[in-house]
Amino acid sequence: MIVITSNQTPEDQINDIIAVIEKEGLQVHLSKGSDRTVIGLVGSVSPKLAEHLRQMKGVENVVKISKSYKLASRDFHPDDTIIEVKGVKIGGEHLAIMGGPCAVESPEQIDEIARLVKAAGAQVLRGGAFKPRTGPYSFQGIGVEGLKMMADAGERHGLLTITEVMTPEYVDVCAEYADILQVGTRNMQNFDLLRALGTCGRPVLLKRGFSATYDELLNAAEYILAGGNRDVMLCERGIRTFETYTRNTLDLSAIPVLQGLSHLPVISDPSHGTGRRELVEPMAKASVAAGANGLIIEMHTDPDNSMTGDGVQSLFPDQFSNLLQDLEKLAPLVGKKFSTQEAISIK
Amino acid sequence: MIVITSNQTPEDQINDIIAVIEKEGLQVHLSKGSDRTVIGLVGSVSPKLAEHLRQMKGVENVVKISKSYKLASRDFHPDDTIIEVKGVKIGGEHLAIMGGPCAVESPEQIDEIARLVKAAGAQVLRGGAFKPRTGPYSFQGIGVEGLKMMADAGERHGLLTITEVMTPEYVDVCAEYADILQVGTRNMQNFDLLRALGTCGRPVLLKRGFSATYDELLNAAEYILAGGNRDVMLCERGIRTFETYTRNTLDLSAIPVLQGLSHLPVISDPSHGTGRRELVEPMAKASVAAGANGLIIEMHTDPDNSMTGDGVQSLFPDQFSNLLQDLEKLAPLVGKKFSTQEAISIK
Amino acid sequence: MIVITSNQTPEDQINDIIAVIEKEGLQVHLSKGSDRTVIGLVGSVSPKLAEHLRQMKGVENVVKISKSYKLASRDFHPDDTIIEVKGVKIGGEHLAIMGGPCAVESPEQIDEIARLVKAAGAQVLRGGAFKPRTGPYSFQGIGVEGLKMMADAGERHGLLTITEVMTPEYVDVCAEYADILQVGTRNMQNFDLLRALGTCGRPVLLKRGFSATYDELLNAAEYILAGGNRDVMLCERGIRTFETYTRNTLDLSAIPVLQGLSHLPVISDPSHGTGRRELVEPMAKASVAAGANGLIIEMHTDPDNSMTGDGVQSLFPDQFSNLLQDLEKLAPLVGKKFSTQEAISIK
Amino acid sequence: MIVITSNQTPEDQINDIIAVIEKEGLQVHLSKGSDRTVIGLVGSVSPKLAEHLRQMKGVENVVKISKSYKLASRDFHPDDTIIEVKGVKIGGEHLAIMGGPCAVESPEQIDEIARLVKAAGAQVLRGGAFKPRTGPYSFQGIGVEGLKMMADAGERHGLLTITEVMTPEYVDVCAEYADILQVGTRNMQNFDLLRALGTCGRPVLLKRGFSATYDELLNAAEYILAGGNRDVMLCERGIRTFETYTRNTLDLSAIPVLQGLSHLPVISDPSHGTGRRELVEPMAKASVAAGANGLIIEMHTDPDNSMTGDGVQSLFPDQFSNLLQDLEKLAPLVGKKFSTQEAISIK
């Protein structure tokens, strides 16, 4: 249920409304737009309370949200969510670029890549310290040491960092070292992990399960939002279809669909979404043209010798740099601009 | 098997090579590039003939094509195929826009839409006279009368026309009235239809089956090419996945993949590819950004009362016009420009 | 719309009802069950006519069928359709087994296989004379000569024959030589072919498109039924999924689902449905246990040298024979028995 | 790498072989068959060691396993794994039936259902105490109290119990109260959970992810096996396809395929695999006919009022009982018999 207030409803009327709701033991979520405020109620609302609210001063309408997700819904929060981390804005008109290797391999590797990522104009350094692998005998990431290496490289070059967290027990340590936490496609419905991220104090990038519907993705986001964390990004990273030429089928319709259903920023991952280096550039451009709020792209200085074997989908540094130059020209045509790199203090 | 000639091989040497091939009873397909000629051999090539060709003057290399399709392969024809119809070019840097209603309904309807399509800057008028319908009791199109109405409207407004042909027996009449013939998604592997189109004398737009792989699409194109018709366009129109929010999942990776594997122009259909009006604009832009050689878009003056019930995916005329203005700005960023409208004579 | 008559409604009352319907220019389809008759109306029924019918003697109820298919619906025809060809019954409790090679290759091959198919206890000989092939350069079948060879072999060994027809123009010649005509998975929505089969005078086995829904399959059947041909069998032959270990994913739920929605017999094809010889036996048994009315199975005397390359999914003759012995024991547990072989006259 | 010993190799020779392997720091897994022993090596094997082993007494062959999973592979363990819990055998010829409600709701509910499950002839009581739910506001199970209720009911009626565990931290408490732990479809690649189950001391039923390939399922099982837990069952529970009439598409080919690739028992879940009560019976029979080693089936005394809303796929008690009677007749036709109920002591 949401209460939509009239234009320019004064603060004290809003407070009165909130008081009535909280008196009934329900939780309140405020969403202040430019000209009106939307008050969300979480919990079961009695018809009597709904009717009472409808007749209060300053209330224009009381609307039931029939979707299973509430906080993630655009009904609940009509304006775009803009996440701000150390001065970098993600969402709305701000286009954020995240680049880096599949896995952190050594201090030298991640430092050199960070330098190139920054020089190309990106704002966020990606890199995996804990790697989800199909089989138990594959390289599983270098763990906490990798987190530290990436944090150092990020700070040295003035980049935010993003890394994947795979299990509730590692949420704290990942949140200590990284600016943004990522949930991988296989964990989109790892509900205990999602709950732990609801209180982690860091923005979360939630990847769509490779066979998850839009509705399931938004419900997974709801788990994080319901825990109190409002800074969630949705990420399209390709779905599983019958086509085997590409590793996945990048579903770019997800971008406008999710932006219509939700206020959360939508990021595209053309690297995992295609699994082929030569497709990253056209699909990155297509993602921006479709309205993506950001991109997460694999880049490696020596992709053919990457430790995960994912090098086949990593760009070379010059390809990454050229792509960003093209994207900077493309963005204004769809009402976007690169997020600033400036606000981040360099150590 | 293909024979790659040396740079600047003189005509008479090429003729000698061809003579040797034809003496063995094999068919020859010539592809003249800017600096060299590729000679394709269709049929079974003996090792002895291959060796003989390899040692002839003017031959740089003899290469076996391991793909099941040959004429559709970029190995066979390294340069982009550019199809020219009444002065309008499709392929390479030329971006062709095809717009119009799902079905031709009346002379007035198609004339008014043709006027708007032309005014918006498009080159081709689309419209169905024969409609493939899931059930036998649905509206099946108005038939040959519709073909004539569309031909008239096209000629009056200086537009090429494209229409779907569903069965071999209607190929001739469709070819009489339309400039381009279209094979629908359900007929991609209607092999007798494909064979008939191989000799129809009109360019063909071949839609990908909604569960066809890239390889199957290229093999279907091969049926048309093998009949002698070189003017084939491939069309991505969405594949069937588990997601039900969209009618289909538009697979934009198909654009760069098919352009890599083949020399044929690739057209995108964001209308059927999404099934939702509000997604046509972002996905049309994404298609162009991904490198599409053209778009086919449904537009209707009264979409909510269209006879096929497909209005839900049709743009209103002003949306169509605004979209084309945006695309005209976007195209140069990916090395494309709108195909000219000028060359078409107006009755 | 259907009119359900009361128990034991006398013939003359039924005739009165029919007369009223036909007077309004509508078509009538009668379905006489053991204790009541269902009268189907095809065409648009006015509320006035419906009300008039409801009040006639012998009418228990008048029901609108909301599904897009009518004649294929079990509402329309509550009892199982049992197709009878030369004394062999298919449908209801009768389990029909169809066996034979992917393609007819020579008189000797098809004669020897027919002998083995008959000896194993099957009733129908399958074999392709026209083969739908992904690429134009693959073996396309031996054509009409193959039809004749198969007809001879069938007659000599007392077997019905079934063969695929790919295009409307070949319906007549296939109907001349074969007892049952088959529509392949790629042609399930070749609507002109379906229409031609509506008047071909032969039972039709309609294969589900490899990405067709149940609803689409039933609508395709409706095209044939609407042409006047009541003898349609539905065939589950595997759908396309992300799994690549098997050629297709045989969807056995299709069997009880289709039998619930429709009165038509449902046949299972474990050969194409799995694409692997070792899976044919367990999936054939599973098909019967799920309630299939028949099986169509590839068997070859020399599968590794079959002309289509589909030998990898063909059983050896002794495997086929052993399987049928097992199925004959399994059938009674699910209320089925083998269709008789006896009624077919041997030349 | 595996070492295959000769027929009847004496114990001391086997010990010699093991000593050589362990000296190199590698782990050994023994699989004793009726006439020979297979010794599996986990870790990187040097060519020198392989050659040394090949020449030892009692060694017939040394074979590299090229699959990414080793312990799950039938190469590694040629005989069927038979899991024994409190006298009940699962695997090989023993057909195990697991029945019960989606969720444990109250002591009375689970006790009454347990009584009916036992009376019908099943061996295992299923019931969820922790429920994975798409959205955060749905009923999430009653937790540890539910585990205790189910353990009591199981013991009172002489049934094994199986319950889902969703997160590593709950493995211990689930293992305390339940005989078998279940991994749900969304957690198939929750690698930390799989690792925790590798040392939990209980058999594990691992459900296939709804879009997981056979290979991914076997690699997930490998995580558990590599932790030292040999008692793993694989469970087919339906995959996600384009078909929406059924909740999932139950892929019965998975049964013979997985039994070919692996020695682990394969269980089928026709309840989740179809999502419709009327399909459970035919698909349960089809599963057994395809060779399943067991079934897990939802049954509820009041399905329309179940707390999870999954009642629509639950059988009524009499349907469950009738089904088991039919299955008991069907099993011998495919070389199976019901696992005994006798060995379990009743409190």
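Observations
Going by the order they are written in, the chains are A, B, C and D; count residues from 1 in each one.
We adopt the following convention: a contact is a pair of C-beta atoms (placed from the backbone, for glycine too) under 8 Å apart; a residue touches a chain by one contact, two chains touch by 3 or more.
For reference, the UniProt names are A, B, C, D = 3-deoxy-7-phosphoheptulonate synthase.
Everything numeric here is computed off the predicted structure, so don't read it as measured data.
Of all chains, the one whose CA centroid is most distant from that of chain A is C.
Each of A-D and A-C has its own count of C-beta contacts, and the greater count is at A-D. Rounded to a whole number, the gap between the C-alpha centres of chain A and chain D is 36 angstrom. If you average the Cα atoms of chain A and of chain C, the two centres end up 51 Å apart. Of all residues in chain D, those touching 2 or more other chains are 211, 215, 240-242, 244, listed in ascending order. Chain D contributes residues 211, 240-242, 244 to its touches with chain B in the complex.
Interface residues of chain A, counted against chain D in their complex, comprise 68-70, 132-138, 166-169, 186-187, 189-192, 210-211, 215-216, 219-220, 222-223, 226, 240.
Looking at the complex, you find that chain B touches chain A at residues 211, 213-215, 239, 241-246, 249-253, 255-257, 260, 273-274, 278-279, 282-283, 285-291, 326, 329-330, 333-334.
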